[in-house]
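Could you have a look at this structure, given as structure tokens, before my questions?
Every chain is named by a letter (A, B, C and D) in the order it is written, and numbering of its residues begins at 1.
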Amino acid sequence: MQHKILKNLFIFLVFFFLYLPILVLVVFSFNTSRMNIVFEGFTFDWYKVLFENRSLLEAFKNTMIVSLVSTLCSTIVGTLSAYVLHRYNFFGKKLIVKLLYIPIVIPEIVLGISLLSIYTLMKLDLGMFTLILSHIAFSIPYVIISVKSVLTQLNPQMEDAAKDLGANAFHVFWNVILPNLVPGIISGAMLAFTLSLDDVVISYFTAGPGSNTLPLKIYSMIKTGITPDVNALSTIILVFTLFILILVSIKQMRKIKKEARV
Amino acid sequence: MNRIFKRLASLPISFYCLLLILLPLVYIFFLSFLKSDSYGGFTYVFTLQNYLKLFDVVYLKVFAQSFFIAFITTVICILISYPFCLFVNEKSKMVQSILMTLVILPFLTNSLIRTYGWMVLLRKEGIINTILLNFHIIKEPLSLMYNNLGIIIGMVYTLLPFMILPLYSSISKIDPRYIEAAKDLGASKLTIFFKIIVPLTVSGLFNGVLMVFIPCIGYFFISDLLGGGKLMLLGNLIKNQFLTARDWPFGAAISIALLLVTYLLVRIYRKSGGEMDDLGGL
Amino acid sequence: MESKVIVKLENVSKSYGTKNVVKNFNLEVYEGEIVTFLGPSGCGKTTVLRMISGLEPVTSGKIFIDGKDMNGIEAMDREVNTIFQSYALFPHLSVYDNIAFGLKMKKEKKGNIQKKVKEMLKLVNLQGYEKRLPHELSGGEQQRVAIARALINKPKVLLLDEPLSALDKKLKKQMRVELKELQQKLGITFIYVTHDQSEALSLSDRILLMRNGSIIQLATPYELYEHPKSKFAADFIGDANIFTGEILGVSKGLANVLIDDTFHIILKDDGYQKGESVTIVIRPENMNVTTVNKEYNLLDVEMKNYSYDGAYYTVFAKSSLKKDLKLLLTKEKFANIQNKKIWKVFFDFDDMVVIRGNK
Amino acid sequence: MKKIVCLLLLLFLVTGCSSNNENVLNVLNWSSYIPDEVIRAFEEETGIIVNYSTYSSNEELLAKISSAKTGTYDLIFPSDYMVELMIKRDLLEKMDTSLLENVSNLKEEYLGLEFDVNNEYSLPFLATTIVIAVNRDHVTDPISSYNDLLNEKFKNNIVLLDDQRIVIGMANQALGYSMNDVNATHLDNARDWLLTLKKNVKAFDSDSPKTFLITNEVDIGVMWNAEAALALQSNPNIEIIYPLENGALSLDNYAIVKGSKNTENAYKFIDYLLRADVMKTIIEEYPYINVNMETEKILDSSYLENPAANIPEEIIAKNEMVENIGSDISKYDRLWAEIK
């Protein structure tokens, strides 16, 4: 019995550790005091300040563009590639399969500087384009792995059946394989999106003028002093993420229930 | 038609691997053998000077500091994650999945913002010190950040889920009958842990080690924000070479050294029976 | 009446690397018949089927369907359709869309498709199931959707790859009947792959017995059962007592075979040479229990154990021979021997199938 | 659903591209240097969209300029020695002062300095000097020079700039050398001096050292005067000390990057910043040393009475400036890595 209490206490402490800084930020985003030490009074002022900060909103817009575009591109390329790598043999496939793990395991900073060097070599303007390209670069492998895990579970005879019924290679992929990959594609895209949304290190090296992203902006805000509007911003981001997560899990619950009924 | 589809469909991935993975790394490798000129560029002269420079005591110290921080962070993550995962694994399936979602949740918010939350907590007049002072637990405020402690707290916090998730996934796969059998045969709890649980979760463990140790070396922003810029880590050193000192060849050489370390860890992970596909999955 | 040859295989071989999976295969399948490829798993029967359907290219040799050389023609353009072992229904498509898939690929008009799907659903008795998804169907229903999905394309030949293996025993027997009825109704040629000999015997017009990528025997079920041409065929199809021995001598139209150095069997002479090896096959139901004293082919046996399946007793008996004997006895015959310790079995000339050689 | 996503993306792309239109100005400036409202007012006045990015050291600026494609940035604000270096490396466009109506507002003494004798490539924007700020609530010991900071009592109680030239220069001056000294033995001494000082250093920070003072994280800071002035504004008990040593003066300058595609807009922006009232807004938000005569006349008392903002002229006169030391910079690099 005592054991159980101790175990639960340990679990609780770990969660306390995980949630403490977030809790602090949320609470103090409503604090009238600038110094964050004692809670002096309730206010929405920091939210107002936040929405008047044009460069922050600009950074938010940039982040959304970069994340959405890079997620879209990496999801398309990743899904197609996962299928191609699963289904076909072609020149260089073995090498490609090995290379794909590199962006996942190498330190982000090395990926960042190597991309920066290559952009300089190719005389590319640092900006939204290079930023999106870099985000695509680190997202694709995650999408591929996620889609691959669903692909390997598909009935391999399904593809034969489609061919047998007169489908060509494109139709096999589009009409038969793709619809069955949807769960893998969604989770891959979600992973790519969150990674892109939160990326600091790679963006730090590959962003240029006019392509400041939210994490970079927050980084410079934190570095230049105490700004309670950062608290307000983090609260908004937190609520937003929670909202999406709850939506997703409700949808999943419904699906599970529906399947259970059948 | 079918051949055309195959060709077309394999193009994007080939281009991607070639242009965004292989080329940058080959170029960095190439750069690392070039001679840097003062302030700025590099000349196309072959030299090993950049690698020799790595063995300068000053830079060896930076390696040592980085690995020390990464090592301590990894050990702490392991010490937290094992009991946590084991205890969570004892709960019902429903509770388990809720708890694991709760582990992931904070990491869907911005990592810098969370780091900032720690700054608010750990400052000299921050929340923790204020509370401890008010309850007269301490007389002088504790130095919780702008030192190694701050860096390690930040690193552990940011990287903990990368240890918990793979470890949990391999612990939850252990057949409980093994543990029952061991108990039946009179094994003590410690024996069960070291002789059964650890060997069965070794690939999950190394997965976690890989995903904690390596990023730890490169996360310059945590040592910048929580370390007060006093401790130079490899990430900061590389960043300086590329963004301030502008000695790209030397920065490239450090990166190659870092890649070697990464490769070594990946080999160990593969030896432990780990699958590449299990890496980096949140 | 000589039927038209619908599928013809000429020296077809298939190898993966250095491994030859199908060796020099020659076969003619006639229009409207059911030919079954029977053999143990890994014998290459599915590979032959996949080569006919075009899902697997041939390594050498030629395949003709309805007289046309299929070389270079892909699966999608061949007028054959397959029913897969796992049915391979598309899980994301409804019953209707599954069945309509082939027609949609051929870009048929919507109205046409609707009409044809309706006909098919009626044919396989699945009216009203249009909107269901495959995972909402039972195994038998899924099977029928798979059949409808293949038949709607009016294939010249329907290829069936172990179509019943996923069903339970009772459903299997029912579907066997349904399949046969369907085939008779439509008159489509079936090429059927199975490793289940009873399925093959009950369904087929002809059975092609395969082993290690080669044809062992191609014959009607009756021929194959009653006159197996090899020890393997005898053993694989139905139960059999098999004895291998050597001809000791031939005289007066009779041949003397020694089995296991102890027991002599007398056969009708068929031009045997002295010293030749022969294999003798006797089906369990042809083993005669006798009380009459004969001069030859009588073996003393002792019951070891038995089982009863409702109609017959299966008896295992010990004798001087190395292998136990297996007998299938009616209740009356079993009653005769039940209490005897030693009794006799008689090997009649007509009940023995003799295979020259010992292979 | 698919269509909605596509539409959204399209919308984003369109809005994203719209900022790529002709009338832009790409400014690369120090962080916390020009208030947001000043830029907004300029945008409203001219219709030019300012893409504003920041850097936190001259070296970072140089790295950004040399690694980015030409034409990426238009207007930058390098310090003195960096101007000289950039001229040498042919990174700057010549400046046509005739296009600037308000150039006459600049104070004489900040023109024609050694790094760009004829102001061919640069014009002064703001100046700044290093001061020591001490929180007298907690520290009573007398402090007048850098050497006083070595006092063991100040353990973990000092914030320094995260700038190798300034910090090593400090050590050089404390030891009686020039802040630009590259003599190997002198630098060894500077290293030892710094290693001693490091015990008292809580953090190196260039971006916002004032925060450390304001939050009582430390009681002593060596920082740019504007940072100290802001700290003083929030805590009147902070004492501003001009170090006994010569100290360091840094002059930040307008400069147009070679290959700039928007030079006309750059001139418009410079001219705008040269206006007396605009500079007043800037300098009151970030109280650096004013280099504009006309602004001087209208400054409020809050600036004039702040000892960290309104620096006495004799102090500025004796200040040393950071000089370009060529390849000897590698010695500084190594020394910097050594003390960190």
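Basically, contacts are C-beta pairs under 8 Å (C-beta built on N, C-alpha and C of every residue); 3 or more make two chains touch, one makes a residue touch a chain.
Since the model is a prediction, treat every value here as computed from it, not as a measurement.
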Minimum number of chain-to-chain contact steps, chain C to chain D: 2
Set of chains adjacent to chain A and to chain D: B
Identifier of the chain whose CA centre is least distant from the whole-structure CA centre: A
Most widely separated chain from chain B, with each centre as the mean of CA atoms: C
Computed distance of Cα centres, chain D from chain B, in Å: 35
Whole-Å gap separating chain A and chain B, where each centre is the average of the chain's CA atoms: 18
Rounded Å distance, chain A centre to chain C centre (Cα mean): 56
Euclidean distance of C-alpha centroids - chain B vs chain C, Å: 60
Residue list for chain D, restricted to those that touch at least two other chains: 205, 215
Interface hub residues of chain B, defined as touching at least two other chains: 2, 125, 242-243
Chain A residues counted as touching two or more neighbouring chains: 35, 116, 168, 223
Pairs of chains satisfying the touch condition: A-B, A-C, A-D, B-D
Complex contacts: residues of chain B adjacent to chain A: 1-2, 5-6, 9-10, 12-14, 16-17, 19-25, 27-28, 31, 80, 83-84, 87-88, 90, 99, 101-103, 105-106, 108-121, 125-127, 130, 157, 160, 210, 214-215, 217-221, 224-225, 235, 238-239, 242-243, 248, 251-252, 255, 258-259, 262, 266, 276-277, 279-282
Residue ranges of chain D in contact with chain A within the complex: 5, 8-9, 12-13, 15-16, 19, 24, 26-28, 31-32, 36, 40, 51-54, 56, 67-69, 71-73, 205, 207-208, 210-211, 214-215
Chain A-touching residues of chain C, taken from the complex the two chains share: 50, 53-55, 74-77, 80-82, 84-86, 88-93, 101-102, 105-106, 135-136, 149-150, 153
Residue ranges of chain B in contact with chain D within the complex: 38-41, 56, 58-59, 61-62, 123-125, 143, 146, 228-232, 237, 242-247
Contact footprint of chain B on chain A as seen in their complex: 7-8, 10-11, 14-15, 17-22, 24-25, 28, 35-38, 77, 80-81, 83-85, 88, 90, 92-93, 95-96, 99-111, 113-118, 121, 133, 136-137, 140-142, 145-146, 148-149, 168-170, 173, 191, 194, 197-198, 200-201, 204-205, 214-215, 218-219, 222-223, 230, 233-234, 237-238, 241-242, 245, 249
